[in-house]
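Each of the two complexes below includes chain A, the first together with chain B, the second together with chain C.
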Partner chain A sequence: MSYPPELKSLIRFVEKTRPQRVERARRGESYPALTLAERQDRLTRFHPDYRAEAKRALSVGSNKGDRLPIELADLLESHSRLDLDEVRLDRVDVDTDVLIIGAGGAGTAAALEAVQAGASVTVATKLRHGDANTVMAEGGIQGATAEADSPCYHYIDAMGGGHFSNAPDLVEALVKDAPVAIEWLERLGVLFDKYPDGRMKVRHGGGTSRKRLHSCGDMTGAEIMRVLRDEARNRPGIRMLEFTPALELLLDERGQCAGAVLLNLETRELYIVRAKAVILSTGGLGRLHIQGFPCTNHYGATADGLVMAYRAGIKTCFLDSTQFHPTGAIYPEQNAGLLITEKVRGLGAHLLNRSGEEFLFALEPRDVASACIIRECSEQGLGVATPAGRSGVWLDSPMIELLHGEGTVRRELGAKYLQFQRFGIDISREPMLVYPTLHYQNGGLVIGVNGETSIPGLLAAGEVSGGVHGKNRLMGNSLLDIVVFGRRAGLAAAAYAREAGAPKALSLDHVRSFERELTEAGISDGKVGPMLLPNYAPEHIRARRVAMHVP
Partner chain B sequence: MSNDNDSNGSKNKEKLIPVQIMGRLYDVPESLTIMKAVEYAGYQYVRGCGCRGGICGACGTFYRLPGDYQLMTGLACQTVVQPGMMIMQLPYVPANRPNYDVEAFDGNGVAGANGALHESVRRLFPEVYRCVGCATCSRTCPMGIDVMDYVALIGRGELAKAADLSFSCVMCGLCAIRCPAEISQHTAAMYVRRLAGRYLTPKAEHLTRRVAEVQAGRFDGKLAQLKAMKRDELTSLYTNREREPDLSEPGQWKPKDAAWL
Partner chain C sequence: MAFQDQVSIQFMGKTYRVSKDSTLMGALLETGWESARELGCLGGCCGTCAALYRLPDETHVRTGLACRIPVREGISFSLVGCYPCPEPVYDLTTIDDPKQALFDLFPEITGCHKCGLCVTACPQDIDVMRGMWCAVFGDYVSVADHFKHCVQCGLCARACRAGLRPIWVAAYARRVLERGQEPLVGGQEPSG
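Up next is the complex of A and B:
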């Protein structure tokens, strides 16, 4: 397929400015970073989060009045999928110490710690074990492990990246546990990129003051996920239920969390799980396609955990800010939305407009970089148009070969190289076309340093939780988040399960009272949640489905 | 990763081509991947769809093209449809995977351990030695990995090399389904990579030191200080912080300001 002639001719502008840009990069010079005031200007005028008409106020629940993206607000105010009069809670199918909902990185790390601490563990997950956002992380995991770095600089960077809105206790836990978490992974056999003497290779990510990003090729998340999954499979104490998402949490007579109602996606059976402690680790919301943006997330990223927890009265934070990754592919069309890891810019690639000129410091924090790209393609009118009608900017990957030597792109970005080579584009010779894409749920459920929520016995970890990253997450802090807080939650849940007695009466009363609130607020549109799976059937198919009752 | 919800592309005008999804004929836009074509036809995935980005291995697919006897393989989310394509996606791959304890060996991070490690691979995955050298696995691999080569390396006990060669495996299991010697290549390689990560790669000493420092509480006071800081003060620290040069030598760079080290 390769690039059509009109794009090829535009690539010439990129090639023309490249030698000087590489020279400047070699001298350690970069495009000037924006001041804090300029950042604010770009964000308010161009970042999708700041579009008032794309949000609405919640009318029920513990965040009543908060303005959230409409797609999310609709789901948080959706009705239960359960027929509350029909569900039988006296027939318990699984009894367990700890129930973990969602088997991505956070859930699996939690399972390993909980079982190690002596708890019996049941994990319910929607797709296969590890079909998750975790497996998709490419760039790396942060941790202040090098001599010139310290958890303090990591703290400063994370707070600044989050515009100082992060919860300080959570950030402290994150940065202090980081070296411990990375060593834990090393011990489990994760193949980190290392020098021959064992020193970790580290790089910059957007908004870091020290080179602190540890990686496993460009498959960091995949490597971490497959190792954690492999280890979980070695542990007979972990019972894994795949294709079995949770539909609702269960509370008990004391108001503590006591299990969940699960659905076998294939037989449509409901299972009742009674647990002494429950960890929610259901990940993010990319598949809600907020404001119609394409997304980088896996198929199951549909905000289910938020929906279930909101019904139980858990407060959320920072869900008004969603992370748009500045560099989603827009060409070829088959790759649209596909993440181009920040590592590409970490390795020195510039972002360039239609004239082949730089217009921002490539490693600005993600929200700022996204806003700058949107500005370049709108107000500045310097975007590059694709044949399918998208608009974007160049990401000059061939620079990497000049800066770090021939073959670096294939070695360091092997998976990405292959994804483009399939369509006849050699990214070590030709730049990529990119535009911001919906990437990460910055906020989530309010948690404490061990993942605890306001309901005893209910914990949360990973992307479903909020506060660690405030309004904006830095690259590499999320893989770290899931390992650090996944492990903490696993340990805390096991400890809680030891102390707390077994729940007696299971109850869905919290869902009933939430339904009452919905009725009182006049919400009766029949929308149900959690979403579980996105529906990508085209209009003409949906139109033919209407004349039938689907049980 | 676009789809009908999130594409601003020109799907309506696009040419439709016929494909057979498990034997039933559908017309789908010619630029779609198999995964999006299946959804375009009206299916909603439960199995066979994970990351939608070519890395989770959930969507291993077999297909044939008209007039061609060959059985082809690909990842549904990465392979573009072709006219007349006959498509079958794998919902599940049964694989041989014994349990093991990767902590069972001495000598964390030293290369000398290879003998004992090799012995354990032989014990756990004896079928690796049944390889008949047909190279079907290598031809099958949607990631373009030379699977047969790493199987041979495992057989010879060159575990670090096998780990390296199999690194980009997405564990779709297509190789194991096709293997006439009934090897589960991907699970054997998983074990070998973990051994390589733990025993055949030197440990990062700076990491071990840093963990000891953290555990001794070396940063506790300073972090408490940062946490207590007023927003302006922290903002000024942030804006004035020194940035390590991109091309600094590993472990060599000395910051001017060491106040928070």
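Up next is the complex of A and C:
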């Protein structure tokens, strides 16, 4: 299943321009970066976020009037999965100090800190512990640990990446905690890439002015998740409920967050958890496939936390901007949507059109790079077509071997190498075909520096929250986000649980009043949320489905 | 979908027709199959989708990750699920002698009879057997290197007749290795 002849013949154009391009790269020359005005032009004309018809205004809730992607707006205005008159809240199944919903990197980091601070911790997660976006992160984690760097430069880069829309206090917390967060991971046993003398290897990512991307090969997230999960399993104070997603938050008589209703996916039982503090760390929304784009996310990235928190009245921010990663695989078809890490460009690989020519500076910010690729394949008509009818551009990975020596691709991009080798493509000799893919939820729930939300006792951390990255996240700042704010939320929740008295009456009244708002707004299409699992059954199967269990 | 764009596959004994450009997991989703158990990342990173499969022209059963194996006409497969392979509980901060602790935590490790079945089973091309022997001899640097791309799918443990738990040996060795070193700050790439 290597490249078919028609693509092989196009690869010759890439090979033809390669020697000169490598020469220029060796001299430190690169394709000129766009001016600010040009960037704006590319974004407004080609970035999917700027398509007005793909958004609609919310008619209910604390962000009423905001225009969001239609797929997300529909879900935020969905009905509860619970029969509110039937659920019995007086029978509590689990009593805990801190309840954490979602066990990816943020949730697990929070659990470790909360238990360390003396709280009893219960974690509820939808899939297996660690089956999350965290495990998929490849490229690396930022942190100003190198001599020539400082949190100050990191701050400016993160703000610039987010077009200065980020919440300044959150960015300050992010960059100041970063070196400590990296050390914390290291002490837990995360094996970062190092020089033989023991110093950390750090690299550039898109939008960084200093080298500060730390990585573990191209499995940085997997390594972090392996270690955090291992540590959590070794802590008897953490109770892990796998395959048990949350369906609704619970508030108490004081209007504070007091637990959640969980669903055991295997037995279909509901569990009532009463907690003194709750942390939402349910991750992102890639599986909503905004505008029909393929996505890089794991199976459970369905925006559940946003849906539950929105019903409780938490405000969201920046959800109108979704991050499209410029380089998602489009060939072979089995790899479509899979992420090709930015590290490939960081190591010097160029993006090339059908004629084998460069058309952008490879390390433009993600949104700009995505827009340029879409332009090349549409307006410019210089995209490369795949047999399955997709269109994309080349990512010239073999350059890396020429720039950094034979074997670099296998060493630095081992996981990616394997993923293509399975299909008979050797990415150290042949380029890859890429097109933007839905990647990251830039915005989310509004939080303070310790993850606190506007409801006492409810905290949020990780991809579900918003503000840290503003409108656009830089590579490596999200793994950092989950460690920094996961830890902060864990500590804050434990402290809150110590102070706050135990909740008395549990209530779903916030869901009732949200349902009333929906009715008043005339929304009664029967759509329910949270989504929990994406539905990939084709239309003809869905249309004939019935519920198996009649009470 | 046109007939020629489809292939026949067998999942747990039942035959389905699915699109030919799919993976085993993609094909399952296409049939309307639903589960929260045997799938996670859908991108070859999490190891949840361990599968056993047989190709029509072969007489042996192969192992792999269902989200990464392309479908083809006549392929027959099932999913393994979580293989019983309990993880020992330890507290890294109280381990004084990591080499001794390895044998305390994983007494079965010396039982490896070098059959190599774990190596054949691994979807990530890891030399699991060699990795286990590196652990026995206390060479944790090599263990760490061998298992860098381990997705913790458990297929090696399933293959092992001596009951070794390479997944957790690898996780343990990698973690104690880092703990043995003083934390270091980062450095710039040396110029030139």
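Here is the rule we use: the second predicted complex is superposed on the first by the 543 of 551 C-alpha atoms of A that agree within 3 Å, B and C clash if a C-alpha of one lies under 4 Å from a C-alpha of the other, contacts with A are read in each partner's own complex, and residues count from 1 in each chain.
In this section, a residue touches a chain if its C-beta (ideal position, glycine included) is under 8 Å from a C-beta of that chain, and two chains touch if they have at least 3 such contacts.
Bear in mind the structure is a predicted one, so any value in this text is a computation, not a measurement.
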{"item": "Combined model on chain A where chain B meets chain C, clash or fit", "value": "clash"}
{"item": "Broader residue contact with chain A after superposition on the shared chain, chain B or chain C", "value": "B"}
{"item": "Partner chain(s) touched by A:Ala502 [first = chain B, second = chain C, both, neither]", "value": "neither"}
{"item": "Partner chain in contact with A:Leu84 - chain B first, chain C second, else both or neither", "value": "neither"}
{"item": "Contacts of A:Ile156 with chain B and chain C, given as first, second, both or neither", "value": "first"}
{"item": "First (chain B), second (chain C), both or neither touched by A:Ala57", "value": "neither"}
{"item": "Which of chain B and chain C A:His289 touches, first, second, both or neither", "value": "first"}
{"item": "Which superposed partner A:Arg422 touches (first chain B, second chain C, both, neither)", "value": "both"}
{"item": "Overlapping contact positions on chain A, where the chain C interface meets the chain B interface", "value": "127-128, 130-132, 135-136, 145-148, 179, 182-183, 186-191, 194-195, 198-202, 211, 217, 219, 222, 226-227, 230-231, 233-234, 236, 243, 265, 296, 298-300, 333-334, 338-339, 388, 414-415, 418-419, 422, 533, 536-538, 541"}
{"item": "Residue ranges of chain A in contact with chain B within the complex", "value": "25-26, 28, 36, 127-128, 130-132, 135-136, 144-148, 150-153, 155-157, 159-160, 164, 168-169, 172, 175-177, 179-180, 182-183, 186-192, 194-202, 204, 209-211, 217, 219, 222-223, 226-227, 230-231, 233-234, 236, 243, 265-266, 289, 292-296, 298-300, 333-339, 348, 388-390, 403, 414-415, 418-419, 422, 533-539, 541"}
{"item": "Complex interface listing, chain C residues touching chain A", "value": "21-23, 26, 29-32, 34, 36-37, 39-46, 48, 68-70, 82, 87, 89-92, 124-125, 144, 148-152, 171, 174-179, 181, 183-189"}
{"item": "Chain A partner contacts - residues on chain B that touch it in the complex", "value": "1-10, 31-33, 36, 39-47, 49-56, 58, 78, 80, 97, 99-103, 108-109, 143-144, 163, 167-168, 170-171, 190-191, 193-198, 201-208, 210-211, 214-215, 219-220, 222-223, 226-227, 231, 234-235, 237-239, 241-248, 250-251, 253-255, 260-261"}
{"item": "Contacting residues of chain A [partner chain C, same complex]", "value": "1, 126-128, 130-132, 135-136, 143, 145-149, 179, 182-183, 186-191, 194-195, 198-203, 211-212, 214, 216-217, 219, 221-222, 226-227, 230-231, 233-234, 236, 243, 265, 296, 298-300, 332-334, 338-339, 388, 414-415, 418-419, 422-423, 533, 536-538, 541-542, 545"}
